[in-house]
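Both complexes below contain chain A, partnered by chain B and then by chain C.
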Partner chain A sequence: MNHQLPLTLIVLANLPPTWGVGCDSPVLGDLVYEARLPTAMIDGHPDATASLLPGIAAEAGVQLLGPISPAHELDVLAGKLLSFGGYKPNWDGEQACSPSDDGVYDAIDFLSFLPQGIPTPKPMVLASGDVALYWDDGPLYAEIGFDGSHTYYAYAERPGSAAVHLDDEPIKKGFPPAVLALLGGGGTFVERAAA
Partner chain B sequence: MPWVFGEPNPVTRFTVSIEMRDPIAPGILKQIAEIHGRFRQELPRKIEQQLMALPLPFLPFSGPMVQQANFPHQLGGLVFDYVGPTGTTLRALNLIQNRVIYMTTQYNRWGETWPLAHRILSECGKIIIEANAISGILLEYQSTYQWDDDNAEFNLADFIRADSDLLPPSLIHRTSAVHSYNGWMERPNDDPPAARVDNVNVAIAEGPNLLGEPPTTRWQARIAVQHRLVFDAPIADRQQFFDRDADAVFPACVDRMHELNKNFVRRVLADAMIARVPGLAI
Partner chain C sequence: MKCVDIPAFLREDHEPKTRCERLSAALGGFQCENESVAPGISPGIIALDEPLVRYLLEDHIEEMPDGSKAVKPNAFSHAGTNGMSVDRRRHISNTHAAAEVARNYVGYVLATCANIRDIQAEGKRCFAVYDTALNINPAHADICQCVFAPKSQQAKYRRRLKDVFDRFPTPFEELSKSQEYLPTPPRSLCKVLVDRLKSLFRRRSAG
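Then we have the complex of A and B:
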C-alpha cells in the first residue's frame, strides 16, 4: 500500500480577523465563515500542524480546508502602508513629496514576498515620496523601497558582509536573496515545503 | 438611556454574498485576480490563497518516503481587503469555495455601502456566472450595543421590545448573560422562486471595554439578522442577474432583504431604541 502523499491540503491565507461566525441556517445547512487560524498551525512545528488533522487521519484523500493567515503584524504593516496614501505634499514641513498610490500599492504587493523567519520590517515614507520597508537592528540595516514604477530598490549592510545595492528590480522577481542572506531568513513556506 | 452604540450607527459588520452552484474554478479566480485594478482603490490588498497538495510525513499512515521536490499548487481563493493602521479589516472581498463575500466593518448608510458592494460583487460575479450558475444570495447585519450604566442596574427593559414575536417572552426579564437564536425558512412570493432562511440572533454577554476606557467589564448586546435566499433553479443568465439595473435579480433581491432586515430589527428593539438608530425609525 502506498502511503505517500495521501492528502490534499487546501492552504488558504488571511481571512480578515473580523470575519466572525455567521448565523447558522436551519434546514439548508450551515453558512460557515471560515475561522482564522494562526500561521503557526502550518508553518510551525509539525506537531502543531498535526493538531489540525486528527479528524481526517482516517480519511486519506479528503480535502482539508485550512485558512492560514499571515501574522497580525503583517496586517498592521499593511494598514500603516495604506495610511501613507493620506499624506499630502509637504507632509514633513520641508517640501517632501506625497507618496503615489502606485508606490503604496507596490509596497503592499511586495508584502506577499516577505519570507518567513525574518523580522517584520517597519514602513516609512521618504522625502522623495518613495515608500519603503526597513530593518534597523544595530549594525544591520536593510531597506527596500518603491517609487510606484512596479520595481524596487534595495540597500543592505552588515559588518563582515558585502553591502547590497540593487535598483529597478521588478517586484514580481520577489524578495532579493542577497538581502535575505543578510537578514538570515529561511525562505517562504512554499519554498521550505518544497525543499 | 443606558444603552449606547458607536457612531454613526450600531452596525459593526455588514455582509452580502452570492453563492455559486459549484466551487469557483482556479482559472476563474485567476481572471478575477487580474481585474484587481478595477476596485483597487477600495480594496488595495490582494492575497492569493494557494491550494496545495502536501505530503504529511508526520501522520501515522504516512510512509517514510514522502519527500518530494515539488508540490503542485493552484489558486484556491482570493482575498481583497482594506486594513486600517491597527491591522483591523475595514472592508474585504473574499472568494472562497463557492462563495463571493463582501463585508465591511465600516457601515455608514445603505446609500453609501450598497453601491460599492454591488459594484465589486458584480465585477466578480459577471465573470463567474459565465461558467457557474448562481444559486443564492445572503445578506447579514451585525449590530452591537453597550450597557453604559452601573452593572448592578443592568436590564433589558429599555432595549428589547416587550412583545417581540421574534424572541422568547422571558428574555426581557434576564439580568445576566442570555442568548436567543431563532431561525426559520419561508417561501417568499417573489421572483425568482426561492426559499429564504431567516435568522434572528440576539446575544447578551459581558463584552470587552470600549477603547480608552478603564478596564471594567461592560454588558454588550449583539444582534445578528441574516437572510439567505436559495433559488429553486440556479441562475446562469448574466443579464437576468446583473444587467437590468434595479430590475436585475441581484439588486432587487438584496433590496428586499435589506428592507426585511430593518423590519426584523424593529420587531426586536424597543421603540426608544428604534428612534435612536439612524434609518430604522419609520
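Then we have the complex of A and C:
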C-alpha cells in the first residue's frame, strides 16, 4: 500500500467538439478540472514527470498536468490522522485499543479519493482502534472507517434516501458513489467520466 | 453467567474489543437489567427515567466552524467493545466528581435510561444498561451493545446511541453547580428516617 500524503493534480479534459476557431479563449470552468487522482492511477513517482497509467487517459479523456499543493484542510486532516499513530493502548483511560499503523495509513491513502464538492470529513479513533472519517450535519450522517486491512466500511443515511451499508470494500475501489450521492458532491471529472 | 458476574466480566484482562459481544452471547437476554448486578454497592436497579451521564474527553469533542462544540460519535464506541461507562446522575457523589475532573474530562452529555433501552434495529433491542457500581463510584453503570453485525451496521447502532444523548456537550464544571447534582438520599430512606424519628418522639412523649 502506498503511504503517501494525499496528492492533488490538475487534469485537462478533452476539448468539447463545439469549441473551435471562433473562440478567443477557452472558458476554464468548462475545460479544466481539478481532481485528486488515486495514486493507483499514476505511473511512477507522482511528480511532474509522472504519467497516467495506460488506458486511464484514453478511458477518461484526461491529461496529467502535474501535482499541485494539497488543499489546506486536507493537509490539516492528514496531519490529524498521522497523530493517531501516537495513540497508545488505553489512550482514553477506558481501555480503548490503539489504532494500527495500517489503519492510520489506509485512512490517509483514502484521502486521495475524496471527491470535490463535499465538505472535508472529521477524523476520529473508535474504542476498537479503527480510524474513521465522518460527516455529521444533523440528519445527514456518513462514516467511513479503516481497521488496517486495506478495506473500509461505510455507513451513510439521509432522510428520504435509503441508508448505505458497505463492508470490506477494498480501498483501491475509491470513494463509494452511494455515499457521495447522499453527501451531495458532484464528483471529480474522473469520477463522472468513470460513472 | 450470573448477573452478579457482569461487573467482573466487563473489567477482565482479556480482549476488550469483544467483551460486550461475549457478554451478550453468554446472557442471551435482558433479565439482568431487572436485578442489581452489584448488590451491596449499587443504589439499586436503574429506573427507566434515570438520567445517565457520559463524560467526555477532548478527543470526544469537535470544534464547529461557528465556534460551538459538538460530540463526536467515538464518545459512544465503547458500547460496542468493553462497555460504555456512564454515571447515574441521581447517585453521583462529590468525591467522585472531583476525581473525574482530575482525569481531565472536559464535558458531559445526558440521556435517560429508557431512551437507551428503546433503541432498536430490525426489531431487536441494541443496548442493555447495567448497574455496574464500583466501590469508589457506586453511581457507575455500563451500556453494552447486544446485537452484533458488520461494522457498517455497528456504525448505525452507535449513531442511534449518540442521537439519544445531548447533541452538544455541557462543560464539566456545570455538573457540580447543578442543584440536581447534589446527592440526595433515596425517598424510601428519607421515609424510614422520618418514621423512626416520629416513633422516638412518640416514645419520649409517652414516657
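In this section, the second predicted complex is superposed on the first by the 121 of 195 C-alpha atoms of A that agree within 3 Å, B and C clash if a C-alpha of one lies under 4 Å from a C-alpha of the other, contacts with A are read in each partner's own complex, and residues count from 1 in each chain.
Here, contacts are C-beta pairs under 8 Å (C-beta built on N, C-alpha and C of every residue); 3 or more make two chains touch, one makes a residue touch a chain.
Model, not experiment: these values are computed from the prediction.
Colleague: Looking at the overlay, does A:Y141 come into contact with chain B only (first), chain C only (second), both, or neither?
Modeller: After superposition on chain A, A:Y141 lies in contact with chain C alone.
Colleague: Touching A:D130, do we find chain B (first), chain C (second), both, or neither?
Modeller: A:D130 contacts chain C only, not chain B.
Colleague: In the superposed arrangement, does A:A162 touch chain B (first), chain C (second), both or neither?
Modeller: A:A162 sits against neither chain B nor chain C.
Colleague: In the superposed model, which partner reaches more residues of chain A, chain B or chain C?
Modeller: The partner with more contacted residues on chain A is B.
Colleague: When the two structures are overlaid on chain A, which partner does A:Y153 contact: first (chain B), second (chain C), both, or neither?
Modeller: In the superposition, A:Y153 touches chain C alone.
Colleague: Going by the contact rule set out at the top, does A:G93 touch chain B (first), chain C (second), both, or neither?
Modeller: So A:G93 only meets chain C here.
Colleague: Report the residues of chain A in contact with chain C in the complex, numbered from low to high.
Modeller: Residue list for chain A touching chain C: 91-97, 122, 124-130, 132, 134, 136, 141, 143, 145, 147, 153-155, 157, 163-168.
Colleague: Residue numbers of chain C touching chain A in their complex, please.
Modeller: Listed in rising order, the residues of chain C that touch chain A are 16-17, 57, 59, 62, 70, 72-74, 77-78, 80-82, 85, 103, 150-153, 155-156, 159.
Colleague: Residue numbers of chain B touching chain A in their complex, please.
Modeller: Residues in contact with chain A: 13, 15, 40-41, 44-63, 65-66, 68-71, 73, 76-77, 79, 81-89, 92, 94, 96-97, 101, 103, 105, 138, 140, 142, 181, 183-185, 195, 197, 199, 201, 224, 226, 228, 230.
Colleague: Taking the touch rule as given, give the residues of chain A at its contact with chain B in the complex, in rising order.
Modeller: Residues 2-20, 22-28, 31, 33-34, 46-47, 49-50, 53, 57, 60, 65, 67, 70, 72-73, 75-80, 82-83, 101, 104-105, 108-109, 111-112, 190, 193-194 of chain A touch chain B in their complex.
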